[in-house]
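By letter and in written order, the chains are A, B, C and D; residue numbering begins at 1 in each of them.
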Amino acid sequence: MPIDQLVQVLVFVVMTFMTLGGGLGVVVSRNLFHSALFLVLSLGGVIGYYVLLDAGFLAAVQLMVYIGAISILILFAIMLSPGLMMQHQSQRNEQWWVAALVGVLLFVVLAVVLGQVQWPVADAQALAAPNAQVSQLGVALLGPYAIPFEVISVLLLTALVGAIILARDTAD
Amino acid sequence: MDAIAAWLTTVIPGLGLPLAHLIVQVVYSAALAFGAPVGIVVAYTYMERKVIARVQDRIGPNRAGPLGVLQGFADAVKMLTKEDITPAKADRLVYNLAPALASVAAILVFAVLPVAPGVIGTDLHVGIIYVVAVGSLGELASLMAGWSSDNKFALVGAFRTVAQLVTYEVPMVIAVIMVVLAAGSMQLGQIVAAQDVPFLVTLPVAFFIFLAASMAEIGRSPFDLVEAESEIVAGFHTEYSGMKFALFFIGEYMHLFAGAGFIATLFLGGWRGPGAGDGSILAVILGWAYFAVKTTVIIFVMMWARATLPRLRIDHLLDFGWKFMTPVGLAALVAVAVALKIPGLGSPLLRWVAMLAANGAVIAVSLVAIAWAARRSGSASLRGVAGVKG
Amino acid sequence: MRSEFVFVGILVVFSMLLPAAGLGFAWLIRPKKPNPIKKSTYECGIATSSDAWVQFRAQYYIYALVFVVFDVEAVFLLPWAVAYNQLTAYAMLESVVFVAILAVALIYAWRKGALRWS
Amino acid sequence: MAIPLYWWLAVAAGLFCIGLYGVLSRRNAIAVLMGIELMLNAVNINLVAFWRYITPQALTGQVFAMFVIGIAAAEATTGLAIIISAYRRRDTVIVEKLNTMRW
């Protein structure tokens, strides 16, 4: 195996440990703040995935939006609700073992099914240059995806309005 | 960097070009990770002390070495040998990770900073958004430090720091979008290449927004109320001492330098200047010198502001970000976008004039808006600022 | 494209070595004499009173909230800015509408007093 | 490419199932929300992997991933606002109750 492919596999393995390990940390950690930090770790692993998949712009977006904004928001919410965090009773509900069973079963089913499909994988080399890719993305967002593009901004406006109304009446 | 790699292949026989590139990259990243923090902190803390001392009619450090130039090293020894106290109630792991994350985040932005023609860690095609994104790791570090210290002041400090950082990240990103609009690329190399006329001239609104937002992001006076001693002790790093405090401190100065460096790169043409280029070694050194001078001038302006301006109050600070810089930034963004689509803008000169005109219009409109707001409000100081009588 | 990021990967590794080396070296040479008073939480010299977890104002959350919305919108505007030279005047209108909706969000937050610190 | 498509799909499925477990088993509303974020990320990995391996010329996968990120942000802001609001109300109610019981 050529050295660059070896490095790719190695990075993939490290990122998988980060992503899945972080994900497990999120769901099993008793301390909510630690959960949120594990979430950051997991999302950080996904950045590595995007880089491996040649989606550099999405990698940066992931870092900026997920880690820089959404995680901060989650940490804020946790820190604003100290009672939620300091709980020392069990963080799991009674049906947790059913949930675990569902999770494992679904994973097994998915892994088997996905493994049996013959994916029509395209030629790996056919990829636009990085800069061209970002500008293609811009053209796509304002061309064929113009409606979703505008709808996203309306959606965010709606979310903002709703969230302000909800958070405001408790602020005073 | 490419030239050095090519040169290495001629010096060491049998060395392939990819491996030579790798060697150059490893050496350069080691320099960024170890040399740059030490050099920047020592040089700029010294400069800061001298500048502020001058402004305040003092002499500044003058004991350690000639003219006190060794002061930084003396501080480093002190930090290293100081006892490092972890509060008993702290969450140890998070408490130790926070300063490390702060310094890692501060070092990482240097990867895309073009310090001289051809000398850049990697010219990422998402360069400028990478900078903004990595900067947000600093917010995470502040929150981790504040939370894990389990101290009231640290918590309030962390909340304030992050509120301030997120508030100023918005206008900063808007200014960045304006630069990207004008340069047509997020790649820092291309942004520098696009500045035949520095963006300071064609996008003055973006420049001032970016300058003020960077000063706030760096968390320095007049935006340093995250560590307003009289209110919340030292902010989120109240409980930190010794080397862990030093890591936050290194992070702050790296951040200062990187902030000034990116202002120089985005708006002052970076390493560009007469005679600079990647043709010869001399031209590269000249380019590096231009970059260093521009960056140091920006840093001097920031230190000057720190020495002369009083600290803002937190509500004023947040208001200034949300209610002035963000709307002005959005208006300027739309104005520039519209101006660039005026039919018949063939030549670069016309594009520059159009951008400048758009910026001028935004400045005029915002001055009128300030005057209008000043008339409506009862605030005498606001009227003074806006030059409104009565 | 991955090759651009190789340097970032190398730098991540090296930048983690700096705090590790600094903390490790300091750990070797610094004094270690903790006592309960030193390790108590700092509160301007007086004894610590109550828990650090008082109720913080939800106002902080609202700032973070408005920030998230603006951050996401900025992410959508960046590819637009890169591709701007290839876009038509019609696309410019679309983006003006996009920014206008963003401005409505800001005005709403402003008028509702969500950005007021009190 | 060094990594077969199946690896990506398997990892994404794993992350999705972990997130699902979190959503179904956690008591805490914020933890449930974090589980949802994990699931959305798993979806994004799939979208980007399919884009890279199957239709590298059309950017559909990346565009969709961006929309998913936007929707995740909207969901997080609103969801957390609901949680904070609920927490503050319920918590005050409980504290009052405790006080009434004690006195």
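The definition used in the following text is that a contact is a pair of C-beta atoms (placed from the backbone, for glycine too) under 8 Å apart; a residue touches a chain by one contact, two chains touch by 3 or more.
Owing to the predicted nature of the structure, the values given are computational and were not obtained by experimental measurement.
**Student:** Return the chain pair with more inter-chain C-beta contacts, choosing between C-D and A-C.
**Tutor:** A-C
**Student:** Central chain, going by Cα centroids?
**Tutor:** The chain sitting closest to the overall C-alpha centre is C.
**Student:** Could you please state the distance in Å, as a whole number, between where the Cα atoms of chain C are centred and where those of chain D are centred?
**Tutor:** The computed centroid separation for chain C versus chain D comes out at 19 Å.
**Student:** Cα centroid separation between chain B and chain D, in whole Å?
**Tutor:** Comparing mean C-alpha positions, chain D is 32 Å from chain B.
**Student:** Taking each chain's centre as its mean C-alpha position, how far apart are chain A and chain C in Å?
**Tutor:** Chain centres of chain A and chain C, defined by C-alpha means, are spaced 17 Å apart.
**Student:** Cα centroid separation between chain A and chain D, in whole Å?
**Tutor:** Distance between chain centres: 7 Å.
**Student:** Could you tell me which residues belong to chain B and also touch two or more other chains?
**Tutor:** In chain B, residues 124-125, 129-130, 155, 159, 162, 166, 169, 185-186 touch at least two other chains, as defined above.
**Student:** For chain A, jot down the residues that touch at least 2 other chains.
**Tutor:** 8, 52, 54, 56-57, 59, 61, 64-65, 68-70, 72-73, 76-77, 79-80, 127, 130-131, 133-134, 136-137, 141, 152, 156, 159-160, 163-164, 167, 170, in rising order.
**Student:** Specify, in ascending order, the residues of chain D that touch 2 or more different other chains.
**Tutor:** Chain D, residues with two or more chain partners: 66, 69-70, 73-74, 76-77, 80-81, 84, 88.
**Student:** Spell out all pairs of chains that touch, sorted by label.
**Tutor:** All chain pairs meeting the touch criterion are A-B, A-C, A-D, B-C, C-D.
**Student:** Considering only the defined contacts, which chain A positions touch chain D in the complex?
**Tutor:** 1, 4-6, 8-9, 12, 16, 19-20, 23-24, 26-27, 32, 35-36, 39, 42-43, 46, 49-50, 52-55, 57-58, 61-62, 65-66, 69-70, 73-74, 77-78, 80-81, 83-84, 87, 90-93, 95-96, 98-100, 102-104, 106-107, 110-111, 114-115, 119-124, 126-128, 133, 136-137, 140-141, 145, 148, 152, 155-156, 158-160, 162-164, 166-167, 169-170
**Student:** Using the touch rule from the top, collect the residues of chain B that touch chain C in their complex.
**Tutor:** Chain B reaches chain C through residues 22, 25-26, 28-30, 32-34, 37, 79-89, 96, 99-100, 103-104, 107-108, 110-111, 121-125, 129-130, 149-156, 159, 162-163, 166-167, 169-170, 173-174, 177-178, 180-181, 184-186, 233, 238-239, 242-244, 246-247, 314-315, 318-319, 322-323, 326-327, 330, 333-334, 337-338, 340-341.
**Student:** In their complex, what parts of chain A are in touch with chain C?
**Tutor:** So the residues of chain A touching chain C come out as 8, 11, 51-52, 54, 56-57, 59, 61, 64-65, 68-70, 72-73, 76-77, 79-80, 82, 86, 127, 130-131, 133-139, 141-143, 146, 149-150, 152-154, 156-157, 159-161, 163-165, 167-168, 170-171.
**Student:** Note which residues of chain C are touching chain D in the complex, please.
**Tutor:** Per the stated touch rule, the residues are 58, 61, 65, 68-69, 71-72, 75-76.
**Student:** Can you list the residues on chain D that touch chain C in the complex?
**Tutor:** It is residues 66, 69-70, 73-74, 76-77, 80-81, 84, 88 of chain D that touch chain C.
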